[in-house]
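Common to both upcoming complexes is chain A, partnered first by chain B, then by chain C.
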Partner chain A sequence: MKEETTIAAPAGSGADIEAAGGMGPLRWLALIVFAGIVAVPLFMTSPFYIHLAVLVCLNVTIASGLLMLSRTGQLSLCQAAFVGVGAYVSVLTGTHFAFPFLLSALLGAAASALVAFLLGAAILRLRGVYFVLITFAFGELFRLAMLQAAPITGGANGIAGIPSASIFGFDFDTRKAFYCLAAAVALASLAFLLALFRTAKGHAIDAAGQNPNLAEATGISVRNTQLFAFTVGSGFAGLTGALLASYVGYISPESFNTSVSIGVVIMLVVGGRNSVLGPLIGSFIMTPLPELFRGAVQSQNIFYGVALILILRFLPQGIAGLRLFRRIEGEQV
Partner chain B sequence: MNLQFLLGQALTNGLVIGLLYLLMAIGFTLVFGVMRIANFAHGEFYMLGAFVAFITVKWLGLPYIASVLAAFALALVLGWLIEVVVLKPFRGDELNGLIATLGLGMIIQNLALISFGPDPQSMPATVTGVFKMGSIVVPLSRLYVVAFSAAVLALLWFFLMHTRSGRALRAVVEDIEIARAQGIHAHIVYPLGFGLGVALAATAGALMAPVFSVSPFIGATPLFKAFIVVVLGGLGSIPGAALASLLLGLAESLGSTFFDGSTADMMIFVLVILVLVIRPSGLLGRAEN
Partner chain C sequence: MAPALQVEGLSKTFGGLKAVQDLTFDVEEGAILGLIGPNGAGKSTAFNLISGSQKPTSGSVRLAGRDITGLPPDRVVRHGLARTFQSASVYSGATVKENLFRGAISNIDTAFPGQLFRTGGYRRRLAEIDKEIEKVLEVSGLAPYRDRLAGELAYGHQKRLGVAIGLATRPSVLLLDEPAAGLNQEESAELGRLLKTLRQEYGLTLLFVEHHMALVMEVCERIVVLVQGCKIAEGTPEEIRNNPQVVEAYLGAPDYAYA
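Right after this comes the complex of A and B.
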């Protein structure tokens, strides 16, 4: 999976323009505002708002993983299943073998990446739509399999009483402490994306998404690029699963069903599928939204559906495609 | 309970289920063939068809056959409207079109939830009694499903093969550019293809309503099965869908005779992946790049 050619970043992808753009006043301002937003939950007293902040961080990590795949021109409808693989593997290794949290979380992430690699190796040769259909089916089957394997997974009852995360003797057992952990992981995933899209691999990802035939002609294997993005992105999901399980303390097959996967897709579409800012904006907007519709799940879902179609139609680059955010990302408009 | 009896019963049930999957999958593959959109809202039209049958039979007291026709007609009109109003900008756009139908499905399902509530409701059986052939027993209500599905499929075949609009649809599925050059009207063919596809799903829903219960959530399973069928048979291929749905129906029925339902589902999924590894374009699909 190595690329000999280093192609220039396609027009519109932040990487090379960013270097030209430098750090203008707008970008400094954006950075300060962002740092402020990240720090705010540390000074909040309402447990509920800190809880929302934690969920935003976890969603940013999952959506960042999906962003990589989406930029290769593919879409997965089973990210929730990979979150689930990570959650179950980390919890089960933690309880059965008494592995420390860090090890079992990494095992969870590795397990998700491995499953994604095997699934991707088998089906990424197929045309785009087949891949989406199969990932949808896989998400359903993961849920069925977890229900079936009741002796290990607890079936529909799930697993309760999962201990909170503890790394090198430090317990992340309060909401605020856990927020620090979740925020660190989310920031790390964003930093990974920013770094990735400056490398040849990142350019290959964009090339595969924007013009697969041209990418192939310049020596990039579209299939291997997509497989790389799917594998790494699912690893992100798995790691988030381990965090989520230790934070909530309870997992069940229904925590990872297809509507959760669709939720991630909605976040990405609303936030923006071509920008590193996309997962950030999408999670920030869509995670607290259910609170506005408290007790009215149906109207909330109808709103999601309508928003999805309207954004696809009128703002296909998502909110990150707005002029302000494109300038923050360093594109000259 | 000898093996012959079990096998015979499983094969008959498999045929019934296979025909149901066929109705779903042909509609799905038709929509994909015309619009290049994998319609994730397809299962919701199955659900709407079931509710139309439920309402027309239970509340309005219409005969069963009229309720099936009503489901077909309503879904055709609704599908036509949705294509023109919502999906028109996404024609031929595989990825965005697919995401848009995810949104569409959410809207339809939740509107149904608001209107009908989440609880499953049962519809009065159309016919009671069983049909016996040797030791094999088939409820008459299922035989109805077989007869109706066969009739619908025959009509569809006639429409696609021997009418102007049907030929236009096939031409678009075959090659959109050439079809356009031949003067085929896109503003009719796209809505017609989508409307007809979802009307087939609604028909399947109306046919199955008296057999299973009716609720806003019933669309998920048939949608899932339709995916498996079209992936197995090759997207856009109607003969492929026919072969794959009968195979799936039989495999499922045999599988769940000897294993439980979920295990059978998982084994079939693994089988489908194996088929795709060996034949990436599906059983009867065209190789495309």
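Right after this comes the complex of A and C.
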């Protein structure tokens, strides 16, 4: 014990509770590699690869939203429904009221956040598996409701011919242009996460997730913290929905079914449920996989199952739990 | 002036079982009161009723005159009554200092956008909390371990950290659930000294539930004895030691006396 006492850090200055380590050479290198990867699609000519890059960006945003909730110790199986709420609201306000894209996209995000807030306020008393089951049911409810509300949503035929996004007169009508938009949103969501987990609110989220009883006993309302994460995270999903609709140009209830929600959960588990890098790594790996396994559609779910079991067994913190990534994140390893 | 903590007619029934019946006692400001009783006497239930983790069937709990009966635990804490847990309850993946910071979070009233954009008020609040945390680290003797992960600390230190986290919430009354459970002779003596220091440094009022008779007799000024949900005696350690009812119900079993 004696040795440790001598190397203890000097008294903190108020900032060190928020510090995430300095910018060592490893972190600079990681940042440069990351910037390179972000820039690569701009120089690609294959529309297919740019398309994949766009999907990765959209998935990063959805998974970032879910990460907040997962760090409060909860899990949602209806993120796709919130993507759907955002998509439908933005498309419908765009076509019926001729709102500009930016406004209808923000309305879509706000609508998702509002729905999540109401749902969360009603069911976040439930802990553990009950909450997960109800979100699963809500996802199905949303899909069925969109199918039934055919006069507004087009039912199973969906809505086609959605115009591409346009912000302040700039049209994101090419794949590359849209990639820039999607990447900007994805980077913004990651930046938000990094900033969030340095605030007191971020610490409260971790406290609620890691030891809910202790958190309650120190004045942190676990329920309110989870409600906050669920609301904000679903807002992320809603914003992504608006982007997705304008990118693909077509939405239908099936675009937002439960397997999409489960896909996001898998990304988070593979990437890392407790790290800001998790959504990034998970989306980067899991988004292209279905495309690579196109020839083996039947067996692809088996691969997922095996991969999930292996990850949970040997890397419970996901790929972000590897030493390299933990050091990049600023942990002393 | 109203006592720091007033418990009046507190009762809790589970179906037909009366776990706590008509429990009434006061704790004066700055006092150390021990709640003792044999296994199954209702100590833990009483503890949970006061700290808000369970709602009483009837009766009231007042903190410095203010009614806090039935409030959820996180609200009770904000009124100034903190609790610790029987087993070492810490955030094991976080450093000691982060643990204390999380304990102090409820004292930050800056709304989230203000935190995100680091307003002046928020930064000042953080600096104040940092000072408070430094003091808690010093007083609790955990300063040398500030950057260690809580899960890596020895059990005795983890329990100490549990108390320190409670302290970081800036309570006026601290409830301790069997603080000496699992500690050896020397560690619990150290804990007794810590509790006395806490009262001196922070003017805290302490209420603790304990099995460890030596610690109770040594630290407490008043003792309340519960048997089968009812208070059978209250008094100074000396009075309790010589109370025939207590001796029969409790101390008569020598196993407990040295548990």
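Methods note: the second predicted complex is superposed on the first by the 313 of 333 C-alpha atoms of A that agree within 3 Å, B and C clash if a C-alpha of one lies under 4 Å from a C-alpha of the other, contacts with A are read in each partner's own complex, and residues count from 1 in each chain.
Criterion: a residue touches a chain if its C-beta (ideal position, glycine included) is under 8 Å from a C-beta of that chain, and two chains touch if they have at least 3 such contacts.
Because the structure is predicted, anything quoted here is derived from the model rather than measured.
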item	value
Partner chain in contact with A:175 - chain B first, chain C second, else both or neither	neither
First (chain B), second (chain C), both or neither touched by A:145	first
Chain B versus chain C as contact partner of A:204, first or second or both or neither	second
First, second, both or neither for A:127, with chain B first and chain C second	first
Which of chain B and chain C A:137 touches, first, second, both or neither	first
First, second, both or neither for A:75, with chain B first and chain C second	first
Partner chain(s) touched by A:195 [first = chain B, second = chain C, both, neither]	second
First, second, both or neither for A:301, with chain B first and chain C second	first
Chain B and chain C footprints on chain A, overlapping residues	none
Chain C partner contacts - residues on chain A that touch it in the complex	1, 4-5, 8-9, 11-18, 195-196, 199-201, 203-204, 206-207, 210-211, 213-222, 228
Touch list for chain A against partner chain B, complex	73, 75, 122-123, 125-130, 132-134, 136-138, 140-141, 144-145, 147-148, 262, 265-266, 269, 297-299, 301-302, 304-309, 312-313, 316
Residue ranges of chain B touching chain A (in the complex, touch as defined)	32, 38, 40, 86, 89-90, 94-96, 98-100, 102-107, 109-111, 113-114, 224, 227-228, 230-231, 235, 262-263, 265-266, 269, 272-273, 276-277, 280, 288-289
Touch list for chain C against partner chain A, complex	51, 53, 72-74, 77-78, 82-85, 89-94, 97-98, 101-103, 105-108, 110, 112, 115-116, 123, 126-127, 130, 133-134, 143-148, 165-166, 168-169
